[in-house]
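In the two assemblies presented below, subunit A is common to both, partnered first by subunit B and then by subunit C.
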Partner chain A sequence: MDKYEIPPDAESRLPSNDKVTGRAARFLLGRYKIWPIISHLLDKTVPHYRHSYWYNMGGILLFLFSVQVITGILLMIYYRPAEPWLSVQRIVMEVPFGNIIRSVHHWSANLMVLTIFLHMFSTFFMKAYRPPREFTWLTGLGLAALTLLFGFSGYLLPWDDLSFFATRVGISEIDKAPFIGGWLGDLARGGPDVTLDTIGRFYVLHVTVLPLLILGLISAHLLFIQIQGMSETDSFTALPPEKKKYSKFFSDYLFGEIPVWLALSALLIALAAAFPRELMPEADPFASAPEGIKPEWYFLSQFQLLKLFPGSIELLGLVILGLVPLSFLVLPFIDRSIPADSRGRVILKLGIVAVLGLTAFTIWGWLS
Partner chain B sequence: MAENENKSRRNFLGILGALGLGWIGALVYPIFRYLSPQKVPDPFGEDGLALVENINPADVARPGMGKNGGYGGRGLIVFRNKSNKLKAFDSKCTHAGCNVEFQGDKIYCNCHGGTYDLNGKNIAGPPPKPLTELGVEEKDGALYVFRMVNDKAEGA
Partner chain C sequence: MNYPVWDVPFLGGGLVVAIIAIIHILISHLAIGGGAFLFVAEFWAKKQSNGNLIREWLHRYTKYFLIYTTIFGAITGVGIWFSIQLANPEATSLLIHQFVFVWATEWVMFLGELTVLYLYFYGWGKNSQNMQILLAGAYFVIAWFSLFLINGILTFMLTPGGWSLTDTDIAAGFFNPGFLPSLFIRTLVMFILGGIFGIIVATRVKENGEFRKKIIYFCAKWVIPAAIIIPFLLLWFWTTLPDNAVTLVKGGTVGVAGGKLEAITRYFWLAIISGGLILISVIVAVIRPQAISTGGAIAIFLIAQFGIMGGEFFREMSRKPFVIYDTLYSNGLWKKNTADENYMKSSYLEKARWDTPVEPLSLHHGETIFRLQCVGCHTRDGYRSINTRTADWSGEFGYRWLSTMHETGVMPPFQGSDEDRAALSAYLISAHDKTTTAREILDSARKEETKDTLSVPAVPAENNGGAK
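After this line comes the complex of A and B, so read on.
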């Protein structure tokens, strides 16, 4: 049989043949010609300097995503889209540890959105989006959008009066989009009103369509990063070679992440235990809306901005709202990979304005 | 000879492309129709009346009394105004679709503070249009609403 020769480079790096790991590695490498991929991954390094902790954000997101997958699967066991509120009430009141699992799912979702913002803006300020990393940036934006859709679709599923009216308000913003808005809104709701038909749509979106899409995008995002390696800031690149420090990804850097995962697990369980997710009274499509209807915090800034454009000029608000993601999309094609570039400095300042604006509008929306 | 072959290959690819488009269309159209919302049945019956749910005549017996209820799956408010006349409005706020509330001297929406007067006219806050007014009558101990014809409150 035509057996794949183990490359000499691999021979010198594999554990010796009298160890189980060494024999297993040779068994696999003799059959699958993947040594170039393995050696590429083994050589992966992470720049080690003052700003290195920002490189943790992606790993944290993967961790939180895994928590969402596990808690989500567990919640699906008792959740019934035909009687959404009753089934969630059962999870909260009757199922052992149900309340904790639901609350961890809630808190992990919120931390995930928060970390996405941190990940995105650290990428922005370290200018890691510039060529040749355009597609890492674009897939990252797609992942951020999918995460927000996860949040919006998951919010309705408990079917309490808060989530019911918040979703009604949220989709009514879609209705106002020009030309296809009304059609899109009806498609999202499954009719002119938010009903159990909407649950069917949101549930399928939340537990099958979005997970499939996000798995594909995560794979592409990670693949691009593995191929191109970690981005370095201009100031790090400008250092003399003897001053540049790197950690090996396997396994120095990876082991260094374990305390972060442990801390996150502890944080999630503490948050879930101290601040369990509430379940409001069941949604009543006939009753008046309860007071204090607010979207989740990550939609507050958009919500607050739209409030500035009431009535007939609301479309203008929607256009401004649409320009923000659009400018993020074209960003890597505008900025140049030149250190201390004048265009780059303008973009940096605009980024600071964006962060301040986002924060200010979120706080404003929270308070009003 | 070779040119003929190229030509027939192009023709073949053209037919294949057309068939492919037809195939995709035949797959997409049923899915599109499947996902499109079904038509909601008209809440008003043959006599033009829709039964009011969750509100009894006793709930709106005296001036100043009002309540939230529904008709045909939609939200509704019914109240009796100071001149002892029964009024009914679809409770869907014209701003963002929350259900409004009758508050004695005004109709108010908790979501964003939209305010309407007792004729359904938007007087404060973000609502762009008046509420949709419905006719209301009492029949055999139950309330019924009907569509108002030439209604000013219908708005746009």
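After this line comes the complex of A and C, so read on.
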């Protein structure tokens, strides 16, 4: 039975052979020559300073995504795309703990979208998108887009009044896109109207296509981070060496994140207990939309912005709306200086405007 | 109806009490658990070789502890007093009159524990170590006794035991069936909180090696055993719950907001799961003491807040529809009056002391009934929304439902005349732009009743007396 020899520096860094972890590690390394990868991971550190808490955001997102996968799989056991509303009603009214699992799925989705914004803006303000981390930023933007798509596709699945009309209004915005809008809208709906065919498409998107895409992007995103290590802000880099503190990612930092994830779990159960997700009456495509129908909160800012450009100037609204993600996409290629130069500082200030604008439009959309 | 109604839009008076109380329970239980913690820690420090370092850490613990518990504990404690007498003056009056010396003694305990705590903290470095141990111990005993007293009153509300309005046996009411399990559970919860707070303070220690490990191991001993024992005590507490509450909890977590009180089951699970999460997180702290940050330790404390939210909501909901079980309903109706059909069916507004003159069968009539009889537990479109619950009602359905709502097990019987019922139903459906008037509802209902009476077939002559 040929085995590989354990590298000498591995012998010194691994736990001793009388520990289970030591024996398991040697078993693995004797069969797979992966010590360079493992030693690289063991060397990974996280800067320890006043902005360190923002580094938690990524882990929180991964945790919330895991909650979505687990609760989503449980919901899939009882959800029937051919009888969407009835199956959700059964989940909520009959299936033991169905009510809690559905509500946790709903709240975890909302928290995940909120955390995506926190993560995106914190990495923006820490300027973590600068070289060599351009593709970490770009894959992150892709992940944000996929998360919003997850939210949009999942929202329709209960097929109640709220989800039906919110989806119809949402896709009608896609129709407005020039040239391909109508075609894209029909593709999304499976026809000119939102029907059970739309459920078929959204369900497949939500449980198969988007999960495959997001798992791919998460893997790429995490791979880039593991290879390059954590980014450091200009303020941390400028510190004298003796003041620079680091903690080891495996396993000190990781263990430190666990209480935060557990507190998030408690928060999710508390939200599910206090604010269970309601099931409105079954969708009636022939009824008129409920008054004041609005999309979910994370689409409110875009919705409100588009409302400012009605009728003939709606194309202008779409262009302005499109400029926002475009500016995020090109960001790593226009703000490259480390430490930040004057262009970098201007971009930082524009970022503050963007956050304030996003918040203001969301609140405005909520109130109107 | 003997008192004015505290009509808080969206939240409702009861929820205001709940929010203040849930925050207070975390603080007050830490206040007592921390006392035990300090007492034992003082002994422990005496035996350690680096006792001085430990006592420095205890000093820091006491500083944060004193600020958090005395300031916020006092604010929220008084907040409870302020809000309960607004939310339910009838019940507050009963509790004060029955347990007046218990309340008085409790306040003496508050004064005592504050005094001793200040002597302990400000005497640091000046008092001898033995004096400090004595003060810490005295603080814990006095504080724990304040729990002992309030626990009697709180558990009395849910399980009055041998007490009744006719035989006001105070001792039986105080030492009621729920008293002991609740006392033990709360004491263990306090130990857990004292331990978690210790972990928070440990993360502020700059040294991150053997010393921090030692303190965190000490703190973990306050959490892990207690977290394992509490489920068994909960089983004991379970046996003392009213049958109604047990049935509702066993009903499961089905249903959406509105209708059944299945929220009670959800809060029950919140409490249990939070306890489990605290256990796991403290085990993580034991495995990697150097890894826990202040944020992480505060996160564990937050889990405890959610657990308390679950437990206290569960306890309160177990008591519905009563505020004093089997004695006083939450809306001011005394159980003893429900047997008197004349009383129950007579005009409600003639009995209510705090109403305004209304035009009979008007929307104002219905609104006044709603405010006086329903607002104790419901809001219009906020917490436990009545608008959500009556969305599908017709006036006639509402009129009939109100006469049988006590059969749900979570509602009091309706008190008032047929006119009151019709007026209330018309008011409730008016929120959904339904314009059936109270007069129409009443006429329709009376027509139905007459039809029912007329449709009873006459007994055939040959069956009369069995004569052939």
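As a convention for this text, the second predicted complex is superposed on the first by the 363 of 368 C-alpha atoms of A that agree within 3 Å, B and C clash if a C-alpha of one lies under 4 Å from a C-alpha of the other, contacts with A are read in each partner's own complex, and residues count from 1 in each chain.
One rule holds in what follows: a residue touches a chain if its C-beta (ideal position, glycine included) is under 8 Å from a C-beta of that chain, and two chains touch if they have at least 3 such contacts.
Note that the structure is a prediction, hence the values are computed from the model and not measured.
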| item | value |
| --- | --- |
| Partner chain in contact with A:94 - subunit B first, subunit C second, else both or neither | second |
| When both partners are placed on the shared chain, which of subunit B and subunit C touches more of subunit A | C |
| Touching partner for A:267 - first (subunit B), second (subunit C), both, neither | second |
| Subunit B versus subunit C as contact partner of A:276, first or second or both or neither | second |
| First (subunit B), second (subunit C), both or neither touched by A:323 | neither |
| Which of subunit B and subunit C A:252 touches, first, second, both or neither | second |
| Touching partner for A:338 - first (subunit B), second (subunit C), both, neither | neither |
| Subunit B versus subunit C as contact partner of A:356, first or second or both or neither | neither |
| Contact residues of subunit A, present in both the subunit B and the subunit C interface | none |
| Residues of subunit A defined as touching subunit C within the complex | 53, 56, 92-100, 247, 251-260, 262-263, 265-267, 269-270, 272-279 |
| Residue ranges of subunit A in contact with subunit B within the complex | 165, 168-169, 171-173, 186-187, 189-193, 195, 197, 285-293, 307, 310-312 |
| Of all residues in subunit B, those that touch subunit A in their complex | 35-38, 40, 53-54, 68-70, 73-77, 91, 93, 95-101, 109-112, 126, 128 |
| Touch list for subunit C against partner subunit A, complex | 252-257, 262-263, 266-267, 269-270, 273-274, 277, 280-281, 284-285, 287-288, 290-293, 295-297, 299-300, 302-303, 306-307, 309-310, 313 |
